[in-house]
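Two complexes, one shared chain (chain A), two partners (chain B, chain C).
And then the complex of A and B:
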């Protein structure tokens, strides 16, 4: 009896989580000219309008470039640091881990204010570099956590074998460690990209006037009223942010399977 | 250089970029706004460098800021309690189900990947004047005029729960998975009912996960300003909204610094308390 109650409760929780998202998907195909019920027919017109909206396309380009650069820098920093923490016995490793995790322990608003005021003081105003610095710093902890978790599973003796067979440390890193590490690197990069792509809290503080990312563009559009275009944009975002990680996971599994064969 | 010396230096070379990035882009800026909060905004031109207590007097003394801070903590607390009440049974179901756990967990993780702003705004489609609920009620003839359900404190809390629930479920799930199931079997075989076993064995052992999820929900809820802007009314500002107002709208950076530090002090104290009694390990498990 109790178990059935838990089962029904869980079902309701899933409905609660997914109903609003389902409604966004549904309404984005609504033929009606208002972004709301009732559904008057099935149509792709809002996606067509989306593709013709210059402001939204610009926001997409900004978000993608920002996300890619964030992923590149954040993953590089995160992988190097994780290697040090997992592979070496570093004095004060706990302290260092805490420092690297700190950006998620500080409320993002406070981080945003600090970075904005400090870099402005150094002569870097609201700009793309400021945005990039901000995105790197708050994605870094996630990369470190994800990469560390995967790194622990890679055996050290393969590298030692390469070294004892005469490979240099640099050769060993590029020919042994990095290929073994690739799934962790990709997972970290994907995580960083998605978090950057999704961010609005810090971005609203750092973005210069006139520059919009996709979330800030949606936020600006919400000021008017909810148009069907926003629902269509939401659908595109959902497909991108849910589809990409699933694709990434599939690729990672394939790569792992390929190596196993 | 000896091999040992090179070995000893290597980790530091690897760590330097990441650690210096965090120090330079987080710790130094926090120290900087601590200094900035004692400067003074002037009506024209640059902020006055000096040691003025005006901002702190305003931030700490003005009842306006205190009331909004207390209200923010109240909203965060309510959100956290609801996340726990809704999330714990769901996590328990996933952890103890005989079905496909991976799929159940993946489904619950999906919202993590769906944009926060989209998830927040999606409630307008549900509760808005021409949203799903009003349309359904009107079609059924229950009401003739749409009910105004949006833009109040309740919808802000609803949006926050929807945003934060996965954090709670994931943390509780991780700690439930860590429990040795033979302990529960032992309790049952010694005559405890399933309910007793849960209360006396499972629940106490899963408290660290519940605490970790609770901390995340509380801290993230208390630091938000987007949800009140999208789902709240004009009087539903939370503390982070005041920070945003001061920094972005009024350009009063010294006051904004003081307000930011107040928020950091309150939420930071919570994190430190948590770390003191439970340690960070549980939190990292849930995040990784």
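And then the complex of A and C:
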């Protein structure tokens, strides 16, 4: 009896969490003009319209370029920062570590306004590179956390063994440390990409005029009317942000299995 | 020419001195062991030879060449760690070939040398496996193969047997010594295990608190400890307060608590002056326990004692003895039956088994 209640309750929680997502997914295949129930038939027409909408395609390209660049820069900086903090004795390492993690703790709006005011103070106009810089700032903590945790687990003596066998420190990094770090680097990169791809708060503040990412584009479209295209776009977003990490995890598992781990 | 020479090496970490002014020569092809408890500076010394730490003062030479400023990857050393430190993402063959790659050895020759190395460590069939698929003992053999395949000038072993379980450790000990002998590589071995040190070394360097306590062949270090620390660290020893009372032919006469006059051969009392406080060291296995009233032969001194406790070890027994104010231990082979707790016995001590050290009684 008690357990049945718990089961029902759990089910309700999940329904509450995922029903809105399910509605978006369902309605994106609705043939009707209006993005609401009842459904009048099954159709891909909104996906087709989506693919023909110049503004949305442009937003998609912007989001993907932004996400990839954010992931690339964040993982590079994150790996370097983690190496410095874990492998070398840096004065004030704790302080630096806290500051690197801080963007997670500060509300995003505060961070967004702060960066904007700072740029204003410096007299720098908004631009794509600055939007990118913003995204790097708040994806970096995730990369640093994941990579640091992994790096702590890589024994120093494995690197020392490589050095003793004649590999230079740089060769040791690329032959030993980086391959062992790869799962964390990939995970960090995926985090960075999906967070950047999803972000709206910071992006709204930082984007220069005329540049739209997918979330800001949806936001702009919602202001006029609830078009069924938005549902279709929502479905594409969900597939990307859920599917990519799953794909990443599958690849990581396969890589691990390959070496008999 | 010595393969490795340390000249007045000092290593400080901040205000802590890990190694005090140490000098050491390791002859070509020999097996030298740094032995001591943890924190005695033995691993620090090995890491300085390896180039993983820089000495604060002093010079390190390998094959006559000063290497202080030479980074580790240019020193041509074989390094074996306690935890194997194999590359988990590479196969056994790639692990062993790693060092050859940076020495520009052609591919087919490298493959041959890898196969030879696997043969040498008696694991010819594991080349394509990953380290995690091997047992601890096998992993350590691969680590050894990886270190020697590059034909290093010096092989550095940092407690390589400590992670293995007891039986395997003894097998690996024999195996390691066999391989070292076969290829004749100069070896510096670090351990806290006295039986490893005694079984494997040509020379033992006993260290304590960053200082060298004694250097010598295993027999010498074991039989004639140069300090109370060495006597206590290697095996079980009895240390008895005594007073030196002048020379007596080829020996020094001591008046030892409990035993009276003991004449220790000069060779076993090199640091002792003719008079003053001294300490008499006798190994537990050299002190023999006999039935009460047995006459002491062979120049031995017999005194009565009582057995306070017995630690039965199968073929031998360790007796804890009470002799007036003295507490002694003796490890004797068991002849039919061990003595029992509370037995009155006779303890026999042969002066030529004793070592005399100078010392102020505490």
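The definition used in the following text is that the second predicted complex is superposed on the first by the 248 of 261 C-alpha atoms of A that agree within 3 Å, B and C clash if a C-alpha of one lies under 4 Å from a C-alpha of the other, contacts with A are read in each partner's own complex, and residues count from 1 in each chain.
What we mean here is this: a contact is a pair of C-beta atoms (placed from the backbone, for glycine too) under 8 Å apart; a residue touches a chain by one contact, two chains touch by 3 or more.
Note that the structure is predicted; figures quoted are calculated from it, not measured.
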Legend entry - Touching partner for A:105 - first (chain B), second (chain C), both, neither: first
Inset, instruction - Scan A:116 for contacts with chain B and chain C and give back first, second, both or neither. - result: first
Inset, instruction - Using the superposition on chain A described above, determine whether A:157 touches chain B (first), chain C (second), both, or neither. - result: second
Legend entry - Per-residue contact with chain A, leading partner among chain C and chain B: B
Inset, instruction - Applying the touch criterion given at the start, work out whether A:16 contacts chain B, chain C, both or neither, answering first, second, both or neither. - result: first
Inset, instruction - Report for A:174: first if it touches chain B alone, second if chain C alone, otherwise both or neither. - result: neither
Inset, instruction - Flag every residue of chain B that touches chain A in the complex, lowest number first. - result: 7, 10-12, 14-15, 17-19, 21-23, 25-30, 32-33, 36, 86-87, 89-90, 92-94, 107-108, 110-111, 113-119, 121-126, 128, 130-132, 135, 139, 162, 165-166, 169, 194-195, 219, 222-226, 229-230, 240, 243-244, 247-248, 253, 256-257, 260-261, 263-264, 267-268, 271, 280, 284, 287-288
Legend entry - Footprint of chain A on chain C - complex, ascending: 50, 52, 71-79, 81, 83, 85-89, 98-99, 102-103, 129-130, 132-133, 143, 146-147, 150, 156
Inset, instruction - Under the touch definition given earlier, write down the residues of chain A that touch chain B in their complex. - result: 2, 6-7, 9-10, 13-14, 16-21, 23-24, 27, 34-38, 76-78, 80-81, 83-85, 87-88, 90, 96, 98-111, 113-119, 121, 133-134, 136-137, 140, 142, 144-146, 148-149, 194, 197-198, 200-201, 204-205, 214-215, 218-219, 222, 226, 230-231, 234, 237-238, 241-242, 245
Legend entry - Residue numbers on chain A that touch chain C, as the complex places them: 155, 157-158, 160-169, 171-172, 175-176, 179-180, 259-261
